[in-house]
Every structure is written in C-alpha cells, then in structure tokens.
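Alright, structures below, take your time with them.
Both of the next two complexes hold subunit A, though its partner changes from subunit B to subunit C.
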Partner chain A sequence: MFSSTMFASILPEILLLLLGMVILIVEPFWKEEKRRNVGWLTAGGLIASIFISLAFAQPGEPTSALGGMIRFDWFGFFFKMLFMFAGAMTALLMMDHQRLGARGEAYLLLLASLIGMNLMAVSSDLIMLFLSIETASIPLYVLAGFMLGDDRSTEAGFKYLLFGILATTVMLYGFSLVFGFSGTTNLYQLAEMFRVGAITPLAAFGILALILVGLGFKAAFVPFHFWAPDVYEGAPTPVAGFLSTASKAAGYAVLLRLFLVAFPNPSLSAPWTLTLAIIAALSMVVGNLLALPQTNIKRLLAYSSIAHTGYTLIGVVAFTQLGAASVIFYLAAYILTNLLAFGVAMAFSQATGLENLEDYAGLSRRSPLLGLMMLSAFLSLTGMPPFGGFVAKVVVFAAGIQAGYTWLVIIGVLTSVVGAYYYLNALKFVYLRRMPGEDEASHPIPLSRPYALALVALTIGVILIGTIFAPWFNWADAGALNLF
Partner chain B sequence: MVPLSWYLIFSAALFSVGLFGVLTRRNAVAILLGVELMLNSVNVNLAAFWRYGNVTDIAGQVFAIIVFAVAAAEVSVGLALVISIYRKRNTVIADDLDMLKF
Partner chain C sequence: MDFPVLSIITFTPIVAALIMLAMPANRKNEVRAVALASASFALILSAWVYFNYNQTAAGYQFIEKYDWLPALGVSLHFGVDGISAPLVLLTGVVMFTGVLISWGDDNPHVMAGIQDRPREFFAFLFILAWGVFGVFVSLDLFMLIFFYEIAVFPMYLLIVIWGWSVTREYAAMKLTLYLLIGSVIALVGALAMYIVQYQNTGALTFDMLKMESAGFSQSFQIIWFLPVFLGFAVLGGIWPLHNWSPDGHVAAPTAVSMFHAGVLMKLGAFAALRVGIMLLPEGAKYWQWLIMAFAAIAVVYGAYIAFVQMDFKYMVGFSSVSHMGLVMLGFATLNRDGLLGSGLQMFSHGAMTALFFAVVGMIYDRAHTRQIPELGGMSKVMPFAAVGFIIGGLVSMGMPLFSGFVAEFPIFMGVWREHWLVAVVCSISIVITAAYIMRNIRQVFFGDLPEKFQGHITDITFLDKVALTTLCLFMIVIGLFPKFMAPMVQTGVDYVLRLLGGS
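Let's turn to the complex of A and B:
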C-alpha cells in the first residue's frame, strides 16, 4: 500500500506544506519591523526544497502514484521546479512591498497556491485536476485583492475571482460530461476510451471546447484574456508577476498533458489543432496590437503576456514531441524574463511611486544596473540573442514549421516585429530620454538587498538560458518524452 | 425509472439559467448566485451519471462532494471581496467597478 515512490512523488508538496507551517509558527514571534524576514525564510525554504527534491525525489520511469491521482514523471517534475523557483523570486520581490512585505499570510497564500500549481502539473485524474486548479486559484484571488484599503486592488481581486470561477465552472461542466460519456475520471483510461472511439468526435469536440474555457482563462489567451490587463494593473506588482508567469505555465502544463495524453486520436486532433492554431494567431495579433497604445508599464506587460501566450500555443498546436519540448522551454525562458520585467517595474515604482512609461526617462543614468536589467528583460521579450527569449522563439517556430503550420509561424514572426516596436519604445525612455529639467545623479534609485538578489539571479538566468541552452532544452525534451 | 436524458436536460437548463444570470445581473452577489446555480448543475450531472453508470465506482459521488467543498471556498472568498469593496465604495453593483479600464 505505502511505498517510497508514493512519498517521493509528492515530496515537493510535503516540503511546501512544512514550510508554510514553519512560517505560521515563527511569524507571530517576530516583531513588526522584522517581520519582512518571513520573505527570506520563504525564498530560502523554496530554494532548499528545490535542492532536496532534486536530490531525493527525481522521477525514473513514468509511474502512476496515489491511486492513479497523480503521474510521477519528468514532465511534472520539471514544471514543479520552475514553479518553486518562480515562487522563491516572487517571495523576494514581495519583501519590500509596503502592504505585503510584513504580512506572513501573504507568503502563506503564495505557498498554498504553489502547492496547487505543483499538483496541476502532475494530476492525471479529473477530480485531482479540478481540486488542484482551485487550490492554485483561490489563494491568488485573495492575493490579487490583498491591499484592502486600495480600491484598484480589491477591484482587481474581485474581477479575477468572477472571471476565474465562471471559467472553471464551465470547465467543470465539461469534466462532468467527460465522466458521464466515458465512465472514468482517469486521464490515461480516458485516452484508451478516445482511442477506441467510445465518444463521437462531435461530442468530444464540444466537451473539449468547454474545458478549453477554463484552461484559456488560466493561460490568458484570446478570447479569454479580458481579465489580464485589469488584474495585472490593480494587483500588487509581485503578485501580477507571479500570475503572468507561474500561473500561466501551470495552465500550459495541464493543457499539454490533457491534450497530448488524453486526446491523441487523429480524427479528433485534426480539427482540434486547427482551432488552437486560430486561437494562437488571434492571441499574437490582439496581444501585440493592443500593447502598442499602452502607457502604463503593467498594462503593457499584460498585453505582451497575451501575445506570448500565442507564441507558446504554437508549440501545443504542433502536437509533436518537439512541440511539447519547445513549450516547456519557452515557458522556462518566459518565467525568468517576465519575472525580471515585473521585478524592475516593482523596484522602480517602489522608489518613485510611478508606473507610466514616460516616468522611466533617464533610468539608465539614475540606476545603470536597473537600466541594464530592464534592457535584458525587454530584449529577451522581443526575442533578441543572446537572451532566453530568442532561443525560445526559435524552437517554438521550428516546431510549428516541422508540423506544417507555416502560416502560423509567419504570423508569429510578423507580430514579433510589431512587438519589437513597443518593447524598444519602452527602452527608448530608459536610455535615450533625460529626466525633464532635472539632474539624474541627484535622483538615484536605491535597490534593497532582496530586490538586488532576485533581479541579479533572474538576469543571470535569462542570459544563461539564452547562451548555454542545450542542457535546458534536453531537460525540456526529457519531460516532453513522457507525454508520448 | 426516469430516463437519464431528463436529468441531463434539467442540468443543462440549470447551467444556462446560471450563465444567463452571471452575464446579465449587475449586482455582484447575484452574479455569485448565478455561479452557484452553474456549479449545482454540474453536481446534478455527476450524480445522475454515477447512478446510471457503474454504481460500484464511487468516483462520481466523490467528485460531487469535492465540488461542494470547493464551491463553498470560492464563494466565501468572493463574498469577502464583495464586503471589502462595499465598505470602501458603498456599492455592490458590478458596473460601478470601473477604475481599471482600457
């Protein structure tokens, strides 16, 4: 009944739970002014959990664990490590936030959400999938509306909640129909049902459309993207960064496993991949075009994240092993890059209280380091070598071409050019404009220790993943192999 | 015995009524009520499929119970957010929440 594999398969989640309990116990004993140190504890604990998991809980051959509820494989493991790293960086970025930094429950909610995301990446049962999606979402609703006195934050939290529960309920209706038609909730048994054609393609297509609403909300692709700009703008910036990276990646983990494992039937996947291809094209076009007129940096990053969802989807559309590997690689590069971008925005608004692009004028002279970090983040988002975004775009486009979706890749390349305009436009303020009528040297931007640590780590990560990309891609490929 | 399709039609109707409520109501609490209707339609589906399918497999029942629990958690967070908005802005009308706009 009880085996070591069972324990190893949920070791990261056990460690997260223990860490949360330690935080709950320790936090009341710290004085108010020292309480932000909970952030160090969270980040340190998460990094330690990553190393402990790497040492003791590496998966071997893919196996089912805990009564078929979860799948213990490299695919899920790779995603778990990504989420925990993103969580550690977010905890560091939260430390100096006026309203989140000294509140232990904020870190606890972050950990609860991470447990949900970790389980999302490994669930192989519809019940587990629903439960883990909700475990990941509900703490994020609270975190988005965490700043109670702030009208914009509560409004963002409420909007996120409304869109979120509506989307997951529609998805849940789809789950109930899947269960009814097939009589099973296990994804791997479902795959067998679909292979023998127990469900007519038309019914399956309808059910998949319902499920896609829920996953589309998580990953924020068109036409389920309306919440993203509002929520990113209103939510506390570190939370917005976490939403746009880890939460999105968790949506993709489910999307990949669900579609590549449970619905491999070609008569079904052909119309299905076409639908996803159209969604990908729309996301790239809408995201990039709507980002053009934005003046608030968080809204700009929100629309850019919608566009990046489109690029990532190209890998899912490809429906091949290279495609799945390229999605994982893209998400790894994107998590590093976008956390860096949000981190820079966070550090800047912390020091100045401003969020508009014009306010970034003269940043390179006010803080050369921060300017350089913003340059790496935005050039990586544009897709320039030697940063991670370049290699990520190359592999995604390669997977698209290999699968015969040349038209989609052409749209991707063209919209990337549109993207270059607004990313470089933001950098124009940083490097070319001067602060109007002021001496920049007298307005330095101080970087506190947690910011400096997180931002430097992310910058190094963005450059590493773009230059020494072979090991990263091999891990992504090993993960993708588990899906076939 | 009542045929399975009756339950499914009932649940689809309940789902549609709930969705209609969510999309047309302006009061935030009424929107949450609409979502509750949709979640209950899912439960009707699950219970009916379990009863007319393999009764010894309790997955359907377990699923329905978990849906209950999660729905309660969601709505409690939702109402908490509604209360925090009401305290600050004295409104529960969704249309009035328009600070964040394109």
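Let's turn to the complex of A and C:
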C-alpha cells in the first residue's frame, strides 16, 4: 500500500507537520525577546517546503491516493503552493505584531490551519473534506480572537466561531444527504452516481444549496458575508489578511472541485448556474457599494474582498475550463494583492497605531516606498495594469462572456468602476493630503526587516503576475484541466 | 526588422520611470536630466521610425511579434502604419516638450515647472507615456487595452497631486471615472469580439490583423460597434461624453494638460478607429449617422462654449472638444478625404493644443490669473510666447500655410460628400473659432500691460522657448509642405478603406 505517490501526495503536509514540531520544540528554549524569531523559522520553513515540494512532489497524471481520500493532481498542488506562500508572508507580517509576534503558538496555529487548507484543496472524499475544513477553521477561530482583553478581537473570534459553526453544520447536513442519496462519499464516484441518475436534479440542487452555505461562509460571498467586516476589523491585521486570502481561496478550491467534478450534469446547470450568477452579481454590487462609505481601512478591504469574491465567482458560473483557469488565476493574483494591502495596513498601524483612512494622509511623504506599495496594491485591486488585478479581471470576464453571461460581465465592469472610486479615494489620502499641522519628514515610518522583505516580495509578485502572466496562467490552466 | 525599435520606444519611458523612482528624492536636477535624456531618446527614435517608414510599401511596418500568453492568444505584436507613425512621432514631441516645460524657473516669483516632488511627477508622467506609445504601436487587442488602461490611471495621480488646487480632486475623479467607464465598456466589447472570433475561426487570438478577417456577422457588428467606439471615444472627447475633458485639462498641471489634450485624446480617437471602425466596419456604416451627429454637435457646441469662456484655460479646453469633434467627424465620413483629414488633424491638433496649454501655463505661472479680461499686453514681456500662441491660433483657425488648413480642408471635403448640410453647419465653427482666437490674441497679448503686472512679469525661459519652437516647427512644416505627412497618412487610410470595402 505504501508507494512513493502516496508519500509525494502529502509531502507538503508532512513538511508542515515537521516544521510545527520543530517550532514546538525550540520555542520554549528561546528567550522571551528572541521568540519573535519563530516567525523567521516559520516563513523560512514554509518557503523551503515550497521548494522541496516543487522538487520532489510534483504531480503527474491525476491519481487517487490514500484509499481515495485525496486526489493527487496539479490543481491541488498549485493551490497548496499558493497557501504556503500566503502562510509564509503572513508569518513575516505577524513577527512585529505586538500581541502575536513573540507567541510561538500563533505560528503553530497558522501552520495547523495551513495543513487543513492544503488538504481542502486535494480532498476527494466528503469525510476528508469535512475534516480538513475543520482543521483549517478551528485554528483561525483562535487566531481571530487571539488578542485576549481586546474587546474587538474577542468579538471577532466569537463572531467568526459562531458563524463558522452554523455554516459548517448546514454544510454537513448537505454532505449527509449526499451520502443518503448515493451511498458514497467519494467525489469521483459521486459524479458517476449523479450521471446515472441516483440523485435527481432537484435533490442535487437542494444539496448544493446547503453545501454552498458552508463554502459561501469561507469565501465570504453575499448573503453569507456578514461576519467579514467585523472579523477583519477586530482580528489581528495579519490574521485578517490571511483570512481574506488563503482561507477564501481554500473555499474556492473546494467549491471548484465539488461543483465541477461531482455535479457536472448539464440538466442541473441552468437553474444552478443562474443561482450562482445572481450570488456573484449581488456580491459585486453589495461589496462595492458598502465599501464606499467606509473610513477604516480594514473594513474597506473587507467589503472590497466581498466584491472580489463576486468577480471570482463569474469564472465559476462559466462552468468551462477557461472559467476554472480564470478562477485559479484570479485567486493567485488576488492573494498577492490583498496580502500586500493588508501588509501595508499592518506596517502602517505598527508604526502609528492608526487604521483610519484619514490617518494615511501624508503617507507618500513619510515613506515613499510604502506609498508606492499601497499604490500597487490598490491599483491592482482596481484592476489596473501593469498589476495582477487587470489580467485576472480580463480572463474572468472573458470566461463569463464565453459562457454567455454578458449581463453578469457588464455588472462586473460597472461595479469595478465603483470600486475604482474608493480605491482612488484612499490613494488620495496617501498622495495628496498632508498631515495636519505636521512636517511629514519628522514622522518617517520605519519598516522593520520582516515587513520590508514581505512587502517587497509581494509587490514584485503583484507586478510579475500582471506583466509576465504566461507561466502563471499556464499553471492555472493545467490545474483547471484536472477538473474536466 | 532586426532592430526592435518599436519596443525600445515603448519601453524607454517605463525604464526611465523606474530609474527615476530609484533615485534619491532630493536630487531634483538629476531626475530632470534623466527625464530629458530619455524623452530625447524616445523622440529621436520615433522620428527615426517616421522617416524610415516605407510609404511605397505601406501597410504595417517595423513589425515585432513575441508570444506572450499563447494559451489565450496574447502576443506582444507591435507595428505602425501610416496613421499611427505620425502619432508615435507626436507622442515623442509632446513628451520632449512636456519635460522642458516642467523643468522650472529659478525666478522665485514664477511658479513654473514642477518643484514639489519632481521625481514622482516625471515617473508618473513617463508611465503615462509608456501606455500611450504602447497603444499606438500595439497590433494585439489585449495589449492595446492593457496599455490603454496604463495611460488612464497616472492621470488621476498627476492631476490630484500637482493640479490646480481649486478643482483638482473633483476634476481628477470625474476624469478617471469617465475614462474607466468608457474603457471597461470597450473591454466587454473587445472580449465579445475575441470570443466570437474564436467561435468563428476556432483560433484563440487577440491579434487584430487576424480579427479583421474574423467574419463578424452584421448583427454582431451593429450591436457591439457603439459600445466599443463610444467607449474609446470618451477619451477622444466625443459629445455628449466630453464633460470630463475641460475640467480635467484645467485642473491638470501644464505638462499634463499638454500631454492630455495633445496625445491622450488622440489615444481615444485612435483606439476608436483601430478597434471600432477597422474591426467592425459594418457596424460603423450602420451607425455612421449617429457618430456624425455627435461629432457635428461637438464641433459647433465646443467652439461656442469656448467662445463664451472667460477663463483662458477653459477656453483652450473647449476648443479641444471642438477640434477633436472634427477628428470624429472625419472618421464618421468613412471616406478617403475625411479619414485623411482626421489623421492629419490628430497630429496638427496635438501639436497645436500642446502649444496652447504650454503658453497658458506660462502666463498663469507668472500672472497667477487666467481670467482673460484681467490679462493684457503680454507680448511686451513675453514676445516669444505671443508669437507661439499666434501661430497656434492660425493653425486652430485653419489658415492656409499652417497645418490646420491641411487637416481641416479634407475633413470638410469628406463631410460634404456625405452630406452637404453637415459641412455647412460645421463650417460655422471656423467662424466662431476665428472669433475667440482673435479676441484672445488681442486681449491677452496686445494692449497695455495692466499695472499690477508691471515689473514682476518676466520673459519665459530658454527651455520654454525650445519647446515652443519645436511645436511651431511641425505646424509650419506640415502647412508649407503637406507632403511631409499627407502621403503617409494616405497609406494608412487606404488600408482602412480596404477594410470598409473600398468605398
């Protein structure tokens, strides 16, 4: 039963586990003031794991492994690499957080959550899927409420926990119905059962709607988005960044595999895709409109992330290979961009303790580099070249038009203009406004080494994915091919 | 071509912008020197392209093609034809003169040039130039839109940071949102074309040369022509979507106004022609009357509004709407004369309006007012600027021996062929233009210098004079020797006419 494929299929997770154990062992021996270095260890270990996995565990032909529990294919592998990169950046951003930085358990929780997300991307069995979703979620509940004594963080943790449990329960009910109808929990067998008619389209519609509640919570689309602004605002900023990127992408990984592999029946598609299309449209409209009046940068980013979920969903609605590839590409670009945006917010609040938009006045004079990074992040979110967001939007829209959803794409482009308003408005504070009554030169914003490293890496990444987009798209396309 | 001259032109500004951003912020003169050096380099190369364009061979030349994203058929496909080569040259000229104008003046009474953070200013301006060059040379629809959007966003920052403090926030946001709405609508149209050509031919490609023969059905062309054409034409200042343009021009700092009116509006017109008319010719024929009506309104209405302006810069801004209306009018004729005139008008107006905005900027920097009635006698203190403005004014009025005549005459001939009434109505604009230009020359440059200006208004700098001379030179050369440009544009027009079915 033991084979090299089996080993390779979970090599990244094994490495993460080893890394976690190393942290657990060395952390108590380090002095209090050196504990922050766990962050270097985590980030370095994650980057090393990425390279080791790329060297030894690249998937070939899609295969089932571990008794059909997981699927070893490029789709899952690409997502794993994305999650681990996001994890490494988050670890760097956590290092100088006052409450998180010197706490080894924070990094451990991050790694535990990453293991769960990695498995979410490859699970091909409903039971495995549920376990991995829980593995990914529970550490995040703790991390969101990590700052004990801070009311907002506690509120964030609890809110996230309660919403999360509710959504997961509904999804679990959906899973149980699947088993009741078909007698199997394996996604690939399920596809076969569905094709032969063991599950009627109506039942499938109901089941999928239940499952969508759970995944919609993870990916934060309307109407399951209510937790996002409060949790992002209250949670420690690096954790919020992680929630809005890797965690969201993990939800999409499951969503793509479940919807495209397990329920591919065309007779179901029409009402089902219409439902998804309406959700996408609502997410874009609600996210963008509610972002307009926000004055807190984390709340702004929360609503903008809801809007971006909507754009991503256009690719799912297409139900084509181009659509799936565009979703993966969009998520890759979005992870880099939003991590950069949260990273800038983190670096700024670290130096000043502030997180309202008007506090960003004079930022470009206080730190031209940080100003440029924020410019890159926000323009990428707007969908402007030469940043990743532009290409990502274009491919998603192309997929939407190819599938005949021109109306959805038109909603998408118009709401993206609404988005441009608040992103540019934020940049206005950075570049135009001055600090009231102060000389900016005497208030520089120092960037500590982990921030500088993470932010520069992310900025380069955002520009790379927006200019030399061929390799990224080809990887996304190779992943999408595994779903058809 | 062995020597990738078009990519070198296109990527010179972005490389220069990155170099400038990497320089220390307090080395202002070094930053300016880098800007001037790279602008000169781009100008020389674009002139080289212009003079080495083979007019007998016609068609697209200096072609370069590199696969960029083969999976979706995106390629870096560059080439210029008889219409875009002059526009590349124009961009080089305006970029060069824009840098000169922004250099600044040592005189502390003069607010000229960019003194606050020139590093960021030139970097953003050059990112803009990168996008502009890219649009003019791209033969790939994806890259064309890519560069088009690059040309949009730096405008916001350039206006909002360095613009006229009274209206800059309002004007910058208005401009950006107008242009974005236009470009995203055009993007949807472009994607629809991409998908349909894939369904028709089975090949995923954004290559516009292939899309020309994609066989779009007539109904498809009729549906999508308007979104695509108008989406791009927003940047060309087409009525009724021109509203952003005067506000934007007025709020922008001098070099940005020059760039914007001089080059960016051509960008919109060019993209509307390249994507709208050339890829969807049937749609263009169907909607010809509507475009012609919009353009005719822009021509007359723009001129009239310019006439009643008391603010010098608003006057020039609205005159741009009127003159760009002529470009659109030439497009709408869909015949040889009209298109030829439009091609020439794009260059002529670009040089002329850049000069106008430069002179307006010079006066405002010294007099600190743009109210026409408050000004006077400027020719006594800045004779060079006065001469420049008068030459520009003659171009604007369409006087023979200047480039404006060479451009406008064919447009009116083309319009007459389509419908004589439109030509008659539009010719009113020439009268109005002459009226406001004459009035302005008299009021601003002649008469007595008002007392409050006496003593402290100084002449323009040497660099300003170089910039004005460069711009005037082109307008006069084209006016005296139409052969300098007309045959080249003609080759490009022939290509468009072939796509339109040899009308």
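The rule is short, and it goes like this: the second predicted complex is superposed on the first by the 484 of 484 C-alpha atoms of A that agree within 3 Å, B and C clash if a C-alpha of one lies under 4 Å from a C-alpha of the other, contacts with A are read in each partner's own complex, and residues count from 1 in each chain.
Just so we're on the same page, a contact is a pair of C-beta atoms (placed from the backbone, for glycine too) under 8 Å apart; a residue touches a chain by one contact, two chains touch by 3 or more.
Source: prediction; values computed, not measured.
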Touching partner for A:22 - first (subunit B), second (subunit C), both, neither: neither
Touch test for A:165: subunit B only (first), subunit C only (second), both, or neither? first
Is A:452 in contact with subunit B, with subunit C, with both, or with neither (first, second, both, neither)? neither
Let me test your reading of the model: by the given contact rule, A:406 touches which partner, first (subunit B), second (subunit C), both or neither? second
Which holds for A:138: it touches subunit B only (first), subunit C only (second), both, or neither? first
Regarding the shared-chain residue A:394, is it in contact with subunit B (first), subunit C (second), both, or neither? second
Have a look at where A:427 lands relative to subunit B and subunit C in the superposition and call it first, second, both or neither. second
Considering only the contact definition stated at the top, list the common interface residues of subunit A for subunit B and subunit C. none
Residues of subunit A defined as touching subunit C within the complex: 364, 368, 372, 375, 379, 382, 384-386, 390, 394-395, 397-398, 401-402, 406, 409-410, 413-414, 416-417, 420-421, 424-425, 427-428, 431-432, 469-470, 473-474, 477
Residues of subunit A that touch subunit B when the two form their complex: 126-127, 130-131, 134, 138, 141-142, 145, 148-149, 151-152, 154-159, 161-162, 165-166, 169-170, 172-173, 175-177, 179-180, 183-185, 229-230, 233-234, 290
Give the list of subunit C residues in touch with subunit A in this complex. 21, 25, 67-72, 120, 142, 145-147, 149-150, 152-153, 156-157, 160-161, 168-169, 173, 176-177, 180-181, 184-185, 187-188, 191-192, 194-195, 198
Taking the complex as given, what residues does subunit B use to touch subunit A? 8, 15, 22, 28, 31, 35, 38-39, 41-42, 45-46, 48-49, 53-54, 57, 59-60, 62-63, 66-67, 70, 73-74, 77-78, 80-82, 84-85, 88-89, 94, 97, 99-102
